[in-house]
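After this come two complexes, each holding chain A, first together with chain B and then together with chain C.
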Partner chain A sequence: MGARRSLGGLMIYEVFRQDRKGQPFEHAGSVVAPDAEFAEAWAREQYGRRGESVALWLVPRDAVHVVADWADEFDLKYRRVDGYSIKARLKEARERAGTAGAG
Partner chain B sequence: MAAVEIPRSEQAFLEYVQAGGQVETTDWMPDDYRAKLVKFIEMHGNSELMGVLPEREWILRAPTLQRKLALTAKVQDEVGHAQLIYRVVEDLGKPREQCLADLISGKAKFHNVFHYPTKTWGDVGVIAWLVDAAAIISQKALLKCSYAPYARIMKKICWEESFHILHGRDVILAMVTGTPEQFELVQEALNRWWGPLMQFHGNPIPREEDPMFIWRIKSQGNEEARQGFLDGYVPQIWELGLTVPDPKLRKRDDGVWEYTEPDWAELKHVVTGHGPRTADRLAFRARFLEQEQWVRDAVLAA
Partner chain C sequence: MSEQVLLGLADDELVLGWRDSEWTGIAPMLEEDVAFSSIAQNEIGHARAVYELLSDDADVLAFDRAPEEYVCAPLVQLHLLDWGRTIARRWLYEVADEIRITALMEEVPLAAKINREEAYHRMHAEMWRERLAETPQFRAAVDELWPYALGVLPPEQRAELASRAGRDEVAAVERGANDAAFTELHAEMTMVRRSAPAGAQW
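And now, the complex of A and B:
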C-alpha cells in the first residue's frame, strides 16, 4: 500500500492484541514507526501499559495479504446450509410413509 | 457467507451504512463520506491533543503525589488517543503533519470545553468527571461507527475514559467531603463549567438532518446525547449536595430534561478560535512542535 514511500522512512505496523492466553488475536489499531524496535515501544505503551494484553502481534502493513473478494461464480452453495431445502421432500417422504402429522 | 459487496454508488452506499454496514480503509467510499470522516475524526484527535493542556497545567500543582501521578497517566492516555485517532485520519488520506498544521493555524477545530481556563483544582475535578462523562457519551455512540477502523480504536478509548471518570469522581468526592472551602471550590467550578457542558453536544438539530448521523459516523443525535448526559449525571451531582446553576433544570414526567437554552453564540464564538485560552494553548502546541522537531529528526535518522 506504499506505506513506506508515503511516510518518509516510517512504516505502518498493524497491531493485533490478545486479551488472555488462548484467546484469538484481534486487530486493535496501528502504529507508525521507523522500525520494529520503535514499533514495539509505541505498541507496548498503547496496548499494554495497564496489563490489558498478554501478547501483541506487530505486522508491517505491507506484509498483510488481503483477501476480500468472494465471488461465487460456481454456485458453491452445496457447501452451506442455505444450499439445502429439504422441507418439500421431507413432507413427501412423510406422506409416503404415512407418518405425516404424526410427529 | 457470500462476499459483502460495498456498493459503488453514493445512494446504495448510504443505504448500506444506514442498514448498519461497516467499511474498511481499503473499501470504496463516496468522496463526501471520506471528507466527513476526516473532518469528524480529525476534530476528535485535535480535541484529545488539546484536551490535555488544561489538565497538564495542574500536574505540578496537584495536591498529592498520587494525584500528580494519576493526572500524568490521564494526560498520557489522552495523547495516546490522539495518536491512535490521527493514524485513522492518515489512513483516510490526511497526514498527521497536515492535521497539526491546520490545528495550529486555526483552520481545524477542537471541542469547546478545551478553550477554557482551569482556575482551581475544583476545575480539574469537574473536567475529569463531567467533561469526560459528556465525552464518553459521544464516544460510546462511535463504537458502532460505519467506519470500522475508527469504531475499533474507540473500544480502547472508551475503556480508558472510564478510568478518567472514576479518577474525576474521586477528586470531587475528596473535596465535597473536605472543608467548606473545598466544597465551595467544587461548586464554583461547576458554575463555571455548566454552560460549556450544556453546549458540548452541539445544537439540537434533528439527527436526520445531521450529516454525521446520516452517514452513520455517529449513531445518536446531539440532543439525545445531551439528554443522556443529564439523565446520567444530574442525579449524581445533586446527591452530593451541589447545585446545578440552572433554575429551569428539571426532569419532566415523560423522562425528558428541560433546561435553559444553552448559549449557542458562545459555542460558535469559542470553537471558531475565540475562547479565553484558545490563543495561548495553540501557541503552546506550536512551540512544542518546534521544540520537539529534533526528536522526530532523530527517530527518522535511526
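And now, the complex of A and C:
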C-alpha cells in the first residue's frame, strides 16, 4: 500500500457516497489528491455535481485495514444454506413421521 | 437593479465558463480536469439563470448577439494557455464576484442562490491559490491580471476588492472593449447554433 500511495505526494482517498439520508454509504470510487482539502473539492465535483449524493465519506486508503487472505482447507460451503441439500433428508423425516405428501 | 448590471454578470459567467471549459481534457491532473470542467459548467448554468431573468429565451442572449454586444469584463475574455494564469484569474474572479453577488442578494433572490454554489468555487480557487501563492509564475500572473480583476466591478466596489486581495487599487481594464480573441471565441461557441436554421428546436 505504501508504495502505491506515494505518487509525488499524492494520496488515494476512497470515496463513499450516500444517495439519501438514512441510506447506507456505498463505495463510489476514489480520488487522487495531495491532501484532504483537494480531495474534498475534487470529490464534490466528481461524485456530487449532479445532485446524486447527500453526503460523502473520504477515507485515505492508508486508513483502510484490508482483510483478503482466507484459509479454505475444508471447503466451507457446508456452512452455507445453498451448499447443503436438505431435500432428501426432509423427505425421509416426513415418511418417518407419517406426514408424507402433507406439505 | 439595472439590467446592464445583470447582463454584465451573466456575460461574465458565460464567457468564463466558455474559457475554463477549454481545459476540459487537458488540465494538469485528471481529478482537476473533472472538477474544473464541472465548475465551468456551473458558471454557464448561472449565466442561463440570469439570462432567464432578463429574457424569455436565454439562448437568444447567450448565442444570438454580435460579439460587440456582450458586456463581459476583459478579465474573462483572456485566452490563457497557462495553468498558473488560469488559476490566478479564477481566484481573482471569485474574490471580485463574491463582492458583486453579495451586494445583489437583497434585491435579486437568484443572487443568493448563485452565491451558495459559488462558495464551493471559492473553496476550490482558494485552495489552489494557497498552493501556488509562492511560485513566481503565479505571482506574475496575479500582477498581470490585477487591473483586469478591478474591471469586473463598478468603481465603488473596487476598494473592497483591493482590500480583500491585499493589493493597491490601480487603473482598471474596463468593460466595453471586446478584443479579437473574444470575437474568435464567440465565433467558435456560436457555430453550432448558427449552423441550424432560425427557430430550430433542439
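Methods note: the second predicted complex is superposed on the first by the 84 of 103 C-alpha atoms of A that agree within 3 Å, B and C clash if a C-alpha of one lies under 4 Å from a C-alpha of the other, contacts with A are read in each partner's own complex, and residues count from 1 in each chain.
Rule of thumb we're sticking to: a residue touches a chain if its C-beta (ideal position, glycine included) is under 8 Å from a C-beta of that chain, and two chains touch if they have at least 3 such contacts.
Worth saying up front: this structure is predicted, and the values here are computed from it rather than measured.
When the two structures are aligned on the shared chain, A:F74 is found in touch with neither chain B nor chain C. The larger set of touched chain A residues comes from B, when the choice is between chain B and chain C. By the touch criterion defined above, A:R44 lies against chain C but remains apart from chain B after alignment on the C-alpha atoms of chain A.
After overlaying the two complexes on the shared chain, residue contacts for A:G9 are found with chain B alone; chain C is out of touch. Of the two partner chains placed around the shared chain by superposition, chain B and chain C are both touched by A:V31.
Shared-chain residue A:V66: touches chain B; no touch with chain C.
Residue overlap on chain A between its contacts with chain B in one complex and with chain C in the other: 31-34, 38, 42, 45-46.
On chain B, the positions that touch chain A within their shared complex are 1-3, 26, 76, 80, 83-84, 87-88, 90-91, 95, 149, 152-153, 155-156, 159, 299-300, 302.
If you check the complex, the residues on chain A that touch chain C are 31-34, 37-38, 40-42, 44-46, 49. On the side of chain C, the complex with chain A involves touching residues 29-32, 34-35, 38-39, 41-42, 120, 123-124, 127, 131. On the chain A side of its complex with chain B, the touching residues are 1, 6-10, 12, 27-35, 38, 42, 45-47, 52, 66, 68-72.
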